[in-house]
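Letters A, B and C mark the chains as written, and numbering starts fresh at 1 in each.
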Amino acid sequence: MVAAINPRSIGWTGSLIVALLVPVVVGTPYYLSTGIFALMYVALAVAFDLVVGRIGALSLAQPVFYGYGAYVAALLGTHPRPGPGFWVEALAAATGASILALAIGIPAFRLSLHSFAMGTLGFALIAELVANNWLSVTRGPLCISAIAPLRLSYPGGTLIVTTNQQAYYVILAIAVVAILSVGLVSRSRLGMAFRAVRDDPMLAAARGLSPNQLRLLAFAISAALSALVGVFAAHFETVVCPSYIDLSITVLLLIMVFVGGRGSLRGVVTAAVIFTVVPELLRIAESMRLVIFGAILLVTVIAFPDGFEHLYARMGRFISRSRSRALPASSEATGKA
Amino acid sequence: MGVFVEEVVNGLTVGSEYALVAAGLALIFGVVQIVNFAHGELYMVGAYLLYLVESYLNWPYVPAALLAVLGMGVFGVVFYYVVVRNVLGKGWQTQLVATLAASVLLVNVVIVWAGSVPKVVLSPLTSTIVTLFVVRLSMQRLVVLAFALVAFVCLYAFLKHTKPGKAMRAMSQNRDAAIVVGIPIESVALSAVVVGSMLAGVAAVSIPPLANISPTMGAIVTLKAFAAVVMGGFTNVTGAIVSAFLLGLAEAIGIIWVPSEYADAIVFGVMIAVLLFRPHGLFGRAARA
Amino acid sequence: MNQDAPGAALEIRRLSKSFYGTTVLDGVSFDVAPGELVGLIGPNGSGKTTLIDCVTGVLRPAGGQVMLDGSRITRLPAHRLARRGLVRTFQQVRVFTSATVRENVIAGGFATVPWSRYLFNGGHWSETAHLADSLLADLGIDSVGASLAGQVSYGQRKLIEFAAGMLSAPRLIFLDEPVAAVNPTLALTMRDRIRKLHESSVTIVLVEHNLEVVLDLCQRLVVLDHGVKIADGPPSEVMELPAVQEAYLGR
């Protein structure tokens, strides 16, 4: 592990510090909840990038896992209230979501790439259909409501998350976990294996890697992380509706991954923050948002295939060039996070 | 018995809708190797075009329908230049996401402009009742079948006997050979998108009088048309059409046993079942997707 | 790493494969003894690469059996075969384009590492990395070690593929046209490496159009034509057979 003081770690540490200070600096509950919303999407987008950017499978079923986590938390948190607490719910959500990912993935990954996308889209639509119609469990469009606040047990007590500040720090922790997991996996040989499968599945197989097993693994990890965010969302919003499994969430995630730069942790995190905070701050209406998002996605995919990562990489090269001009003997390693 | 016949006719009606959309999807896929996620939205735009011509220009149904179909041809040109042409030859993820983005854009532009409340489109034939065996049907259903039949006959004539049509078949069978032989890829691609849009337009002017139109009507149709294309062997237009009718029938007859909210899932279930046993579709021959 | 283990034995029995109704392989049978260096030759389209694809798990044969060291490997997936030491190179050289040259070679080590080690970069992987570095130096491509593999020259990519294959601890390796379209210096390097590999007892099946290379290296030739085996024996005999001459010259 290289604990160097380089621009990359400064960037991440700085962002973490800013993130930690947000609730202190920002007074209004509205803006704070925008921050919470942003962090939720940071975690979701990073998890999504694991599948789209790093293993190269375009899944459109991400909201299924998020919604699953939310419904699990909702059901455990209301039958009976106040529920078994965060850790139990998280475990149930993560394991269930992984199993669901395998159930969807095993048939879906047998298909070719386009069919995989369509197949996952179909699963998402079916999941939304089930959420809307399985009234005995999900209460359909009436939603499950009155979900108790999140209960987080730790050695020495239980934190009951009632204020926005507390909720903020919980989701920040979840986002950090997501970023660290995806980041560490990417730097490991497992990450190299994912990239190999993404670049050339046939060659990867010739090198002893099973494309199917690795895709399922990435899919399951991504599902578990998304479900975790869902658990948080259920307690924070106190209401869980079929809209948790909506296509618009997929669209937003696609934007974050493509505009941020597939496979780029810093790009995706940046895009996640921008595309949640800016539309909220500008108070753009829902359907107008989707028009703008659709347009941005179309233009990005056509004209800026590397997204923000391209800018970050250029910045990185610029910084290392200035540094090597300033300091005669310096070595700078650049590469993607 | 009466119920059964009624459902068969429903199946054929709905099957025509899927078949027209699926034929276009298969054609475009065969020629440019792009799965058009926005194809259902082409169908939706066609329906709104019909609505516009009827409501604002006050044209009667048949001329309005013709104008709408022609309008879809023009829209196809626009769609080609804005979306398809810009992603030709780029990675599959790029192409897929581009058409998905176009789909989202189209749906929400229509929502912003026309509202998401369903609109009514009129045809004088919906109220004309016809008796077929023991069932009494709206004449419009037969119109749907008739329009579809005419469209398919024209499509076959086009593909078999015209130069652009033959070029399309060549391109979808062997792209590299087609390039070597000197087929103008871009103009053939443009024609394929235009033909596909017009086919969707035919569906769009025949079905809506039977049901309302809404901005989100295209989404589920894309999926079902895709199911038909997959079952039909991806680039196989005939296979797509036949599969679409089979799916329409399966859906209509399946409703007898399955709760109607889950009707949409029938098509999907059939597709998954087919893919599990024959990953290349019912009519495909190791086709690439 | 089991570079010292003897090469594997291969038995191919009546292997068949068709595409779109055309028979590409028609009941091909032959054996390869451990440590042998066999040349697999034949005109274009005779089915050589298809045979490799069928044996290495890329394609499913329509009929026939394949045995590696006596155990049936027909229809096993490619990644499992790679882990058993069955390595192949590709006719159109393949590399992981978004990874560096060095990473590409190290990736060969996946075949020798158990799953559980994937998360950790140390331990077994440091041995792999050392081996990769020495191979890179040995083959003269260590200077481009940090370049993206998609951006180096064709010849360098062929060397990368070869080095990566070495890292997979091969017991039997299929080399699909290793010297095609490379410059003469590189061709000499490759021939030398193949000879060295042969000396280390790895079983080698060499597919090559360049008859000079084939005749130089192989003690035995198997000839395919239109998916059928038409000859099997020492080069001097095989090249004299009228069927073989017709297959090559009658094109």
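Criterion: a residue touches a chain if its C-beta (ideal position, glycine included) is under 8 Å from a C-beta of that chain, and two chains touch if they have at least 3 such contacts.
Keep in mind that this is a model prediction, so the values were computed, not measured.
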Two chains sharing the most C-beta contacts: A-B
Nearest-to-centre chain - CA centroid comparison: A
So the centre of each chain is just the mean of its C-alpha atoms; given that, what is the distance between chain B and chain C in Å? 47
Report the inter-chain centroid distance for chain A and chain C in whole angstrom, where each centroid is the mean of the CA atoms. 41
Based only on mean CA positions, could you tell me how far chain A sits from chain B in angstrom? 34
Looking at the complex, which residues from chain A come into contact with chain B? 52, 56, 58, 107, 110-115, 117-119, 121-122, 125-126, 129, 132-133, 247, 251, 254, 258, 262, 287-288, 290-291, 293-295, 297-298, 301-302, 305
Chain C residues touching chain A - in the complex, by the definition given at the top: 56-58, 77-80, 82-83, 87-88, 90, 94-99, 103, 106-108, 110-113, 117-121, 125, 164, 168
Per the touch rule, the chain B residues reaching chain A in their complex are 35, 83, 86-87, 90-94, 96-98, 100-109, 111-112, 116, 219-220, 223, 226, 230, 259, 261-262, 264-265, 268, 271-272, 275-276, 279, 288-289
Inside the complex, what are the residues of chain A that reach chain C? 185, 187-190, 192-193, 195-196, 198-200, 202-211
